[in-house]
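Two complexes follow with subunit A in common, the first pairing it with subunit B and the second with subunit C.
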Partner chain A sequence: MTRLDLTCFPWAKTLLRSRWPQFLLRAITLAGFVFTILAGLFGSVVGSHNFAIIFVWIAWWTALKLFFIPFGGRSWCSICPIPMPGEWLQHGGILQPRGKGIGLDRRWPHFLKGSWLQAGGFLLVGLFGAVTLTSASVTAVVLLAIIVLALVLSLVFERRSFCNYLCPIGGFTGLYAQAGPVEVRVKDADVCAGHSEKTCYSACPWGQYPLALKSSANCGLCMECLRVCPTDNIAVNLRPWGSDLGPKTKHRLDEAFLGLVMLASALVDSAVFLGPWGQLKSAAYAIGSLPWLLFAGVFLVAALGVLPGLYAAAAWAAGRLGPSKTTLQNALAHYSQVLVPLGLMAWIAFTISFAFTKFSYVLAVVSDPLGWGWNLIGMSGTAWVGQATSFSLLLQIVLLAVGLFWASRVARRITESARPAMPLIAFSGIFSLGMLWLLIG
Partner chain B sequence: MVSQPPNNTAKEHWKHWRWTFLFAVSALLILFAPLPLPGAAPADRHIRIEASMFQFTPGELKINPGDRVTVELVSTDVVHGFSLDGYNFELKADPGQTATGIFVADKAGDFRFRCSVACGNLHPFMIGKLRVGPNFLLARGIGLGLLAVIVALWPLRKPSTHRLRSRP
Partner chain C sequence: MLVKKETLARFLVVGLVLIAVVIPFGGQWLSGRNQPAINELHARMPENGGWSMDTIQAKVGQPLHLHITSDDVVHGFTIGKSDQPALEILPGEYVDTTLTFDRPGKYTFYCNRWCGPNHWRMRGTIEVSGTGTPLALDPQPLYLKLGIDIDSPKAAEAIPSKLASADRGAQFARLLPTYAVERDTYLSTSPAKLWLRLRAESALASLSDQDLWEAVAWIWQQQTTTEAIATGQKLYVTNCAACHGETGKGDGVMVRGLPVWDAGSHTSGDMTPQATGEGRVSPPDFTDPKHLLGASPVLLEGKIIRGGMGTGMPYWGPIFTTPQIEALVSYLYSFAWGYTNLQVK
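And then the complex of A and B:
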C-alpha cells in the first residue's frame, strides 16, 4: 500500500528528531493541565462558566475525536502531559533519553497486561460520567488523581506502564489509532536484523520494538526510536486510513472487549446526554441512589452482556460460515477489527452533535476561565444556548453511514467472502441503527 | 505509442467510474430528494410543558406541519428557559410561574428544545424533542446505511461476473 515517509522531508525530519518542539508542546499542555485542575478546584461551580469543564469535555474531548485520532492516530499521546513528571524522574532529566533515573523499574504484572483495565476505566467514566462531565471540582479531582497515579506508577514500574495498561484515554486512542493515517515503522528490516544493540527498543517509553510493529495501537508516536536509531532506519509514514485492519493482522481478545465497551459507552452517552429522557439524566447524576444503581445495572448489562452477546453471536456465525473453522475465542479476537471503524465514526457523530451546539462556550471561558466575571478577550458574554442545525444532523447521518460502510468493508476483507461477513455486518447495522435513532430519531 | 480515440477513452472512464457515479447519485437522492408530507390539516394546539431540574415533561412532542402551537412553560423549581432548535422561539419561566408563547410549525422534521437558562450541573443536557410531521431524516439515514452496506459488498460481485463471462 502507498506510504509517504515524512522523514524524507528534511524540515519534517529535523522537527521530529529534535526533542525541543515536542517538549515545548508538552510544556504547554502540562501548563494547561495544571491550570485546568486549579480552575476546577477554585473556579465557578457553574460548569458552563468554568475552564475545566469546557476545555476538558468540550474543547479537548472534541479535538481528540475530530482531529487528533482521525488525522494523527495516537498523536495526542505524543504531547500528553500526564506521564511527563513521572518520565522526568525515570529519565533523570527533562530532555534526557530513557536512562538511569529514579524508580524501581519493575515489569508490569503479566496478568494485568492488555487493554482490560483500560476498558474497565472507560466503564467507570461511563458510570460516573454525568457527574464528572458536569462538575468542575470532580473533573479537577479526577485529573489530579490521574497525574498522581501516573507519577507513582512510573516510580514503581518500567516505562509508560500507566499509559500502556491503565489510561482509559490511552485505550481509546490506541484502539482507534489502528484506523488512523500515521505509523512508525522501520525502513529496511534487514538493517535492524543486523543491529544487535536494539537502541530503539531500549529508548522506547512504550516498550515497543519498531521492527516488530504491525499495529499502531501501542505506539505513542513519541519519536524516541527515530532519535536514537544510528542507521536512520525509522520511517514516520502517512498511510491510508484503516491500514492496521485486514485479514493478516493479529488482534487480541482484550481489544474486542475494549471495542465493545467503547460501543456501549457511545450508546449510553448518547442516550444520557443527548436524549429527551430527563429521568435517565437524573438517575445517571444521582450517584449512589436507587435510580443510579438501576442506571448502572442497565449500563453494565448493556456493556458486558447484551452488546458482547450480540457480537459473540455474530462472530460465532461468521466463524461457522467461513471456509476455515476457528475457535470462538479466535473469532472474537480476529473479527474485533470491525468494531474499530464502527466505534470511531459513532464517537465522531456523537461529538458533532455535542460539540457543535456547545462550542460557543469555549471562547467565553477563555475570556473568563474561572467564572469570576473577568473579560480578558472581550468575549465572556458570547456563549449562547446553541442548536443543532440541519447540516449537523445530515453530517451525523453521513458519518454513521461511513462507519457502517467501513465496518462492512473490513468484515468483507477479513472474511474474504460475503456469507461469513453478513453476521458481522448485521451486528454493525444494528449498532448503527441504535446510534442513528439516539442521535436523529 | 498509439493514442486511443477520445471516444474510447471516455467509454473506459465511464466503465471505470459508472458505479461510483451511480452510488454517489443514489446517496444524494437518499439524502436530499423531496418527500411528500402527509396532508393533515393544520390545527391550533396548546401544549403545557413542565420544566424541572433537568427535564421537560413531556420530553417528546408530536405535531403536524402548519400547526399553530401555543406553548405554556411552567417552571416547578428554579428559573428555566425553552429554546427550540431551527425556530426563533424562546421562553423563560421563573420558579412557579408560567410563560406563554406562540409559534407556527412551518418546518418539518425533528427538533430539539433546550433549557436556555443555566439551571444546574446538567443544564447543558436538559433537552426535549419536537417532531413536526414524520421523521424523514431517520428514514434517510436507514436508506443511506443500506446503500453503504451494498457499496461495501459490491467488489464481491465482480469475480462472479467474470466467471460467468469466461464460461464457454
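And then the complex of A and C:
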C-alpha cells in the first residue's frame, strides 16, 4: 500500500530528530498535569467551573478521540507527561537518550503481559466514571495516583511498563492506533539485518524492535529509534487508515477482550451520560449503594458476558463457515480486528454528542481555572450550554454508518470468503444499531 | 554541550512545574491582598453541609461584605423580615453583596430557592452587635396567650354542602350579631365553630344552612383585603407551595410519594426522623374544607410561626413579619372558600 515517508522532508526530519520540540511539549503537558491536579484539589467543587473537569474530560478527552487518535494514532503517547518523572529517574536524564539511571530495571512479569490489565483499568474507569467525570477532586486524586503509580513502576520495572501494560488510555489509544494513519517502520529491512547493535531496540522506551513492527498498537511514536539509528533507516509513514488491519497481522486474545471492553464502555457511557434515564444516572453516581451495585452488575454482565458472548458466537460461526478449520481461540483473536474500526467510530460519534455542546466551557475555565472568580482572559462567564443540532445528529449517524461499513470491510478482508464475514458483519450491525439508538433514539 | 542542554531541559521542566504551582497559590494570595475583610459564604444543600457559615458576626453601621457562591445547585440568599431583595446564587458563580445593619440583634438569613427536600434547613444567623435600639423581640404568639393546642387540630364539625359565596353572604350581614363580625372572634374561632354558634342563634333560624355558611364566608372576607391576599399568595407560592402545592392540595414537588397526612400523625415530634430528616408526611389537602374550616386564624398563625412538630413543616417565625403571616393566613382560607379569584373588599 502507498506510504508517504515524512522523513523525506528535511524540515519534518529535523523536527522529528531533534529532542527539543517533543521535550517542550511534554514539559508543558507535565506542568499542565500538575496544574490540573492542583485545580482539582483546591479549585471550585463545581465541575463546570473547574479546570480539572473541563480540561481532562471535555478538552483532552475530546481531542484524544477526535484529533490525536484518528490523525496520529498514539501521537498523544508521544507527548504524554505521565511517564516523564519516572523516565527522568530511570534514564538519569530528561533530554538525553536512554542511559543508566536508578531503578531495579526488572522485567514485567510474563503472566501480566498483554492488554488484560489495561482493559480492566478501563472497566474501572467506567464503573466509577459518573463520579470521576463530575468531581474535580476525584479527578485530581485519580491523576495523582496514576502519575505516582507510573513513577513507582518505572523504578521497579524496565522501560515504560506502566504505559505498556497498565495505562487504560494506553490500551485505548494502542487499540485504535492500529486504524490510525501514522506508523514508524524501517525503510530497508536488509540494512537492519546487517546491523548487530540494535541501537533502536536499546533506545526504545516501549521495548519494541522496529524491524519487527507489524502493528502500531505498541509503538508510542516517541521517535527515539529514529534519533539513534546510525544508518537513517527509520521511516515515519503517513498511511491509509486501517493499514494494520488485515489477514496477515497477528492478534491476541487480550486484544479481543480490550476491543470488547471498549465497545461495552461506549454503550454504557452513552446510556449513562446521554440517555434520558435519571435513575440510571443516580445509580451510576451513588457509588457503593444498592442501585450502584446493580448498575455495576449490569455493566459487568454487558462487558464481560453479553457482548463477548455475542462476539464469540459470531467468531465461532465465522470460523465454522470458513473453508479452513481454526480453533475458537484463534478465531476470537483474529477476528478482533473488526472491533477496532467499530469501536473507534462509535467513540468518535459519542464524543461528537457532547464536544460541541460543552466546548464553550473551555475558554471560560482558562479565564477562571479554579472557579475563584478570576477573569484572566476576559472570558469568564461566557460558557453557555449548547444545543444538539441536527447537524451533529446527522454527523453521528454518518460516523456510525462509516464504522459499520469499515468494520464490514475489515471482516471481509480477514476472512477468506464472503460467507464467514456475515456473522461478524451481523455482530457489528447489532452493536451499531445499539449505539444509534442510545445516541439518537 | 550535551550536559548543558540536559541542564537547560531540567531547569525548564522544574520551572514550568513551579509556574503551575505558583498560579493557584500566588493568584489566591494576590487577589486576597487588596480586598477588604470579606466573608466567603458557600451555599450547599443541607445534605452537602448547608451554609458554610451558620453564624456571621457584624457590627452596627459597619458594612458586611459577603462573597457568596453555590457549591452544588441554584440557591438563594435573603434575610428574614427585611426588604432586602433575594440574591440568586448560581453554582460556581460568585455574587457580592454588602449589608449594613442599623440595629443590633439577630437576623436570619436563608435560602429562598427550593434546592432540595431539606431546603428550609438552609438557615443561618447574622449576629449584629453594637450600640442602638436593639431589634424588638417578637410578641408572644396569640395561640400561646389563648392556650390553643396547635398540635391537635380538629376537623371541621360541619362543612357547607357546596362552595359558599361571600358575596351572597353580604345580604345577611345586618342579621348577624355584633360578636360575629368582631376581629377577636375571627382570630380565635374556626369558621365551622362560628357557623355552629350562629346556627344556634334563634334570630338566624330563618336562614338555611347554606345561607349561614355564606354569611360566615362574608365575615372572613371582611377581615382581609385584596392586597393582603395578593401578598399572601406571593409568599405562599415562594415559600409554601414546595410542599403544600400551588393549588393547596398538599401535592408539592418536595412531598410527592410521601404518605398522606392525617390527624393522628400530627404529634409533638417524638418520632425518629427519617434519614433525610424531612418530609415524613404529605401536608393536608387545603381544598378539602374539613381541614381549613376547622382551623382558627390563630391556630394557622401559630403553625406558621412555630412549624408543625414531627410533620416536616418548618418554622417561619424568624422569617415572616406579623402582617406577612396575617396575609398568608387570609390567603390560605381562600382555598377553603374558593374565593381565590374573587374580588375581595
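To be clear about the criterion, the second predicted complex is superposed on the first by the 441 of 441 C-alpha atoms of A that agree within 3 Å, B and C clash if a C-alpha of one lies under 4 Å from a C-alpha of the other, contacts with A are read in each partner's own complex, and residues count from 1 in each chain.
Convention: contacts are C-beta pairs under 8 Å (C-beta built on N, C-alpha and C of every residue); 3 or more make two chains touch, one makes a residue touch a chain.
Please read all numbers here as calculations on a predicted model, not as lab measurements.
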* **Per-residue contact with subunit A, leading partner among subunit C and subunit B** => B
* Asked: A:93 contacts which: subunit B (first), subunit C (second), both, neither?
  -> second
* Which of subunit B and subunit C A:370 touches, first, second, both or neither -> second
* Using the touch definition from the top, say if A:23 reaches subunit B (first), subunit C (second), both or neither. => second
* To do: Classify the contacts of A:31 with the two partner chains as first (subunit B alone), second (subunit C alone), both, or neither.
  => second
* Mind working out whether A:135 is in touch with subunit B, subunit C, both or neither, as first, second, both or neither? => first
* To do: Considering only the touch criterion stated at the top, classify A:42 as touching first (subunit B), second (subunit C), both, or neither.
  => second
* Where on subunit A do the contacts from subunit B and from subunit C line up? -> 46, 48-49
* Across the complex, what residues on subunit A touch subunit B? -> 46-49, 130-131, 134-135, 272-279, 281-282, 285, 357-358, 385-390, 393-394, 397-398, 400-402, 404-406, 408-409, 411-412, 417-418, 421, 425, 429, 432-433, 436-437, 440-441
* To do: Write out the stretch or stretches of subunit B touching subunit A in their complex.
  => 27, 31, 52-57, 59-60, 81, 83, 85-86, 109-112, 114-116, 118, 121-129, 135, 137-138, 140-142, 144-145, 147-149, 151-153, 155-156
* Within their complex, state which residues of subunit A touch subunit C. => 23-24, 27-28, 30-32, 34-35, 38-39, 42-46, 48-50, 84, 88, 93-96, 369-374, 381
* Of all residues in subunit C, which touch subunit A in the complex? -> 2, 5-6, 9-10, 12-13, 16-17, 19-21, 23-24, 27-28, 31, 67, 69-72, 91-94
